[in-house]
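One structure follows; several queries about it will come next.
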């Protein structure tokens, strides 16, 4: 069994509490992604799980056993470091076999497992090179290989793709997903890239300032974020937020526009300050609707983004398919697809979605 | 006048020719982006323009004058380095004023220009910090500021955003665009990120292996790529390429599917081996059409990508709006929107688009 | 089997020669082996005392600080024939003793040296200056040397090794006593002061080669061998140990001679070199005192001793051997003549010389002389100041040595 | 070689693994430090402590148990001066002469050392042909033993040495270098710089090479003149390395002994007698050995050295921040 | 001056600053190498030639010729004045100011020449006997072995012990680290000459006097070494160590499989320094070693210095011989030197 459970885990450096009590249960075989803004404690949490960083409070359990006092080597984990941390003086083969040697595996077994791993990651022809003679993507694969070869119960990845360029990143993303499917191991993956999070994860844990904000399936987080932070963090470009007030079952935005909401979907109290959240592709330029001054247009070829400000000064991003003809400086109107809108309490930031709706 | 012209410029390191003769004319006030795969010579070309790297052949002209023998300081350029290359021991203010001091500007003038620049880039409150106390985005702005403050004729940027994380990157992208609009200077910008290229450029120069493949407006490159390389390089995800053969005015793909093409748009010879290029959003899942085995699905929330292989083994990426319900392993059919299709000669790779069509 | 360790430093071949004799000894005493450690002279001077104090010294060694190491010496008298030693080594035995009341036998003087002057005879000939005769004073020599140097364009008229021991060869004829009436050492008696004054003056006026004394500092040793060999020096005050070197290196480039000991201002009767040299001693700390004594006794026997002196070209300190004369092996006629000239000076050595050489703290006095006199020569101190400092230094040294 | 080391390391691994289990990885650091601390403890710290005992005892006996306690007398004697500026007024005038000489020596030596090693490092840092060769050449003297260095230069500089022969040959005025206190001192400084320069050059070269290239390119784009690049970029960025060089050369400068002693013996007179020579001559080479005085002197030197280093660090640190 | 101070200028033609740089370097080569070259050449001179003034660069010896009728070869002179001016003659003997000479072509007729009017005929010849004498005179290889043993063992121990300490000081956080660092830097301040006597007594109490280990052990922990290695190790990223920990490597294994190989450049530099220190060390071996069979080359070298005289020819030859191995080692390791400190110097 290789499920992982964190129970009220905390970490303090001196007086500064960096992890403020996190409870989390990752099921066996899950691909769990940690996301969150820089400095929120993702790496720290990962290192606490790995045993490289002692924990200040709470319990880390692996397969049901509390492992707080076990060293990193004894927890049966493997970690892929953000910087890869390959052994620069060893060949790829030596990099892969180092861990096995430490486990006192037999020569034959080492050879066999290294070969198998190299085959799987398609780095057989690189086995006798040193890290410095490898490209970024190849290094990445070696780093993964070093983890894979030991057949750990749980894999930990710390932003493994952040050093790669965009193209390679897409490629490696696929590769790691395939690896997960093949090995069916528990994987914990830290990233600050939402695309990675969305496309790779079975479950996403959104962290913020040492606390767990939400934990769930990617599309659940996308579709039903618990709070304004998660809503803003998941999805790219960012969700647009319009401040407003509940008026007669509908919403009056600060721009003056009145928006009707699907009845019963949200728990609304008349007169409450709320924030309406609509994703860039939840709005369409139309004849009438929310007025928007377009300040910038980005045409990517297959799709375009309009950047602009609403009349109350709210910055708004709109997604258009294809190559839009709208030019910066023009005044347009937007229809809001309220079916996919989100409403949050302005005060608490919590979603007002009616549970079970 | 600050237009820039390269005439048959070459560069060789020892025997290795890295830049193989490039002719290029960047108009005054243009924002020109150099893109190309890693190692194609983008940085080298930029450094040759800057004067940091001596050129092996050809001429570099700025404002009509050949500047081959001028040192970097005398060409009236400013460069923003990929690594920023801030002076680590100087405060932001000193970083900004260093260049002006070298030009023996008066104290008062220095103060004035530094203040103005800092205001423009919103780094006034950082003026007395050292680079190490700045965040990545702030450093970036200081690096730009150092270039701006000297009011150069031409700006050179070498992948200035590649070190930043995704969020900051988007932000800085906007900032540089605004800067260009404001200063209306000539800017040359190296990147390997197509989104940057597409959204920021007035003109894009696609380089490959030391040669210029195409030079033009971003959407021109996107819509009418000259050859298969440019077609594949511009646009993300990559265009799909299907090998086929011209048959009776239409196209028979290797998969067996026959595709009808808009008549007269392409110069086709019966029986010729050609490659059909269709972007991921040029295809839609439908009842009938090109059969595809889906091997992977990425759901980003607002859009999804299907990855699969056609019957002849061609890897295909399909874009779907929203959150598709299709699961990996299923068999689907695709309709191809031939209106936006591209056809290339398989042999030469050149586009077969009829000029003026 | 007994192994004896013998520490030795050599200028020529004296250690090697001793070893050949010891080999003969070994042949006669199969149970005794002698192992020689050939060391830098610095080790004898600086490290041996530390080793001895720390109890890690050798069984025997050839030493030069004869009185200073007295407390470590093995008394040989229980093992050797005392009268033979007393008769033959007479005066030199005192040098190893603690004082007049001490009757022990501690060391075998293997090398007797005398300070003395060498002159470049050829230069005298070229200048047509006659060599000053037997009773010539230092002043006569200085005058003659200057004259020769001037006439022949020679760089330096005179030079003296940078050593307090050599300086005694000048000071004693000038009347230096080195000890006051109570037998306490002193370094500013009138004779010593006069000699110092003269020496400083000669260094100042170019009579003496300044390089030798003024070119160094502290207690470093320096000589003028090079200048003499190159024929750039008329009169060189050094000692008997130089003979072999001169014979080898000068060859027939010019003629050189050893002259009789120059006299003090008081004239004849006040002419003396300074005796010195080295001897082999056994140490108390040895586990084999008897064997050490036997070995030294063997070396002291006339035949062996004569062989040692003959091969190593030294002046014998053994009366029997001296009387019989030494047939120096492999010496050029010039060298043999010079050796004999030195031998002839042995009887004229002043008692002050013997006393000074036998005084246990004489090294300190040598060092002080050199250090301070040099300061006077280069002008760091006036002569009076230098002499005062010498007294103070000496007092400090004597105090520390108690 | 490697085949020899590997089994050894593997053998050590067993006990170390056990220790790691018992102590945990943090305390294991002490195990790694232990051999070094053991050696330092016995062969550096202990002698230093014994030195204190020597300093407070008298006589020329070597074994501490034979030496009578004299309290601070040795220090008193050393410090007994009417004026510390005039060695002649001191009881132990030679010590103060040595102190004065040493102060001058380190001022000049550190100054020239930094200047020349800096110049050399800057030149070797340029794109020049045969850089490896030149680097080796400048490092080469470091390999020699002090005695050899002194010997070689003595042969060159003595009255009848090579330099005078060359001057003579060209009809120039020869100088009796070793006889003039000023020249002898100057040459001592020169030789010491000649001998050790390569080491500092190397450290500075390394420092120069660690300055990122792109900063220089940025400066080139900023139209900075060479002098300004040096003043405003190179020098400040080299400061940390410079501190290492300054501190090391100061410490080693005060400790200079072998090469100068072998070269001039401290002369002429006492013109080039440095403190360590004073200590050596009194404590080791002298007769009788004044261990107490020598030890006391060495303690005074150590105190001054620590103070000097602290001041130097303080100044450089302040400059670096200011 | 200012022109020296900048980095390369990236021009194709040599800039005038390049000329200055090359001039400086050439001067440097002369100044740095010249004296040593002089030393090497001198080691091939006869004792007599060594004493000669003015000194000459190349080793000369006087021409000797065997003339019929004389058993030994006679020295050849050139006559500079008089009726024989310009001729080469062999000198039989010299009496006072007159030389008796013969012409080699006419050995029977003895001629007289004023001794001032002749000049020795000399030619360049290497006095290799300086070297051969060494091997005859004593067991050179014994000393060589001792020196090598001391150098190799001491360097190995130094590298091991210092790198272990540097590892602990650079890669662990523990209480007392600052103190240990300060102590180690503090020991930099102690001139070795000053503590010779107490050190001697301590080594004696360890029973290591007069054993090679007595030379090897006391200096094995050098503050410079710890300092140098620590600075370098600080630049090794901690993540690599963490990776090894995840790979189940023990701390010792991390030390010798990861840290040691990665510190190779710094270790090479320390190795050169240590080899040089040990090989050239004189004062401490002089004190610690007494038996000649334990002597190092440097001690043997110094046994040419007697009380009154020094055998310069042998001393110089020996000096050159002792120089050779260290130069060879240096040649092997020199390419590491700059890279080594280059990376240590960063921080």
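A, B, C, D and E label the chains in the order they appear, each numbered from 1.
Keep in mind that, in the parts below, contacts are C-beta pairs under 8 Å (C-beta built on N, C-alpha and C of every residue); 3 or more make two chains touch, one makes a residue touch a chain.
From a predicted model like this one, the values you see are computed outputs, not experimental measurements.
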Number of steps on the shortest touching-chain route linking subunit A and subunit D: 2
Steps in the shortest chain-to-chain touch route ending at subunit D and beginning at subunit C: 1
Chain closest to the middle, measuring from C-alpha centroids that were averaged per chain: D
Cα-centroid distance, subunit A relative to subunit C, in whole angstrom: 93
Separation of mean Cα positions, subunit E and subunit C [Å, integer]: 34
Between subunit B and subunit A, distance of the C-alpha-averaged centres to the nearest whole Å: 27
Per-residue multi-chain contacts in subunit A, two or more chains: 71
Where subunit E touches two or more other chains at once, by residue number: 10, 53, 197, 201, 250, 253, 302
Residue list for subunit C, restricted to those that touch at least two other chains: 46, 50, 54, 226, 230, 232
In the complex, subunit B residues that touch subunit A: 38, 162, 165-167, 170, 174, 177, 192-195, 198-199, 218-219, 222-223, 234-237, 279-281, 296, 298-303, 307, 319, 321-323
Residue ranges of subunit A in contact with subunit E within the complex: 47, 50, 52, 71-74, 77-79, 81-83, 85-89, 98-99, 102-103, 146, 150
Interface residues, subunit E side, partner subunit C - complex: 47-48, 51-53, 91, 93-94, 96-97, 115-116, 138, 197, 200-201, 204, 209-210, 286-287, 290-292, 295, 299, 302-303, 305-309
Residue numbers on subunit D that touch subunit E, as the complex places them: 9, 12-13, 16-17, 20, 25-30, 32-33, 35-37, 39-40, 42-48, 50-51, 54, 62-64, 119-120, 122-123, 125-128, 132, 134-148, 151-153, 155-156, 160-162, 164-165, 168-169, 194, 198, 202-203, 205-207, 209-210, 216, 225-227, 229-230, 234, 240-241, 244, 248, 251, 254-255, 257-258, 276, 279-280, 283-284, 291, 294-295, 298, 301-302, 305-306, 309
Subunit E-facing residues of subunit C, complex: 5, 7, 9-12, 35-43, 46-47, 50-51, 54, 56-58, 64, 122, 125-126, 161, 221, 223, 225-226, 229-230, 232, 238-239, 241-242, 245, 248-249, 251-252, 255, 278
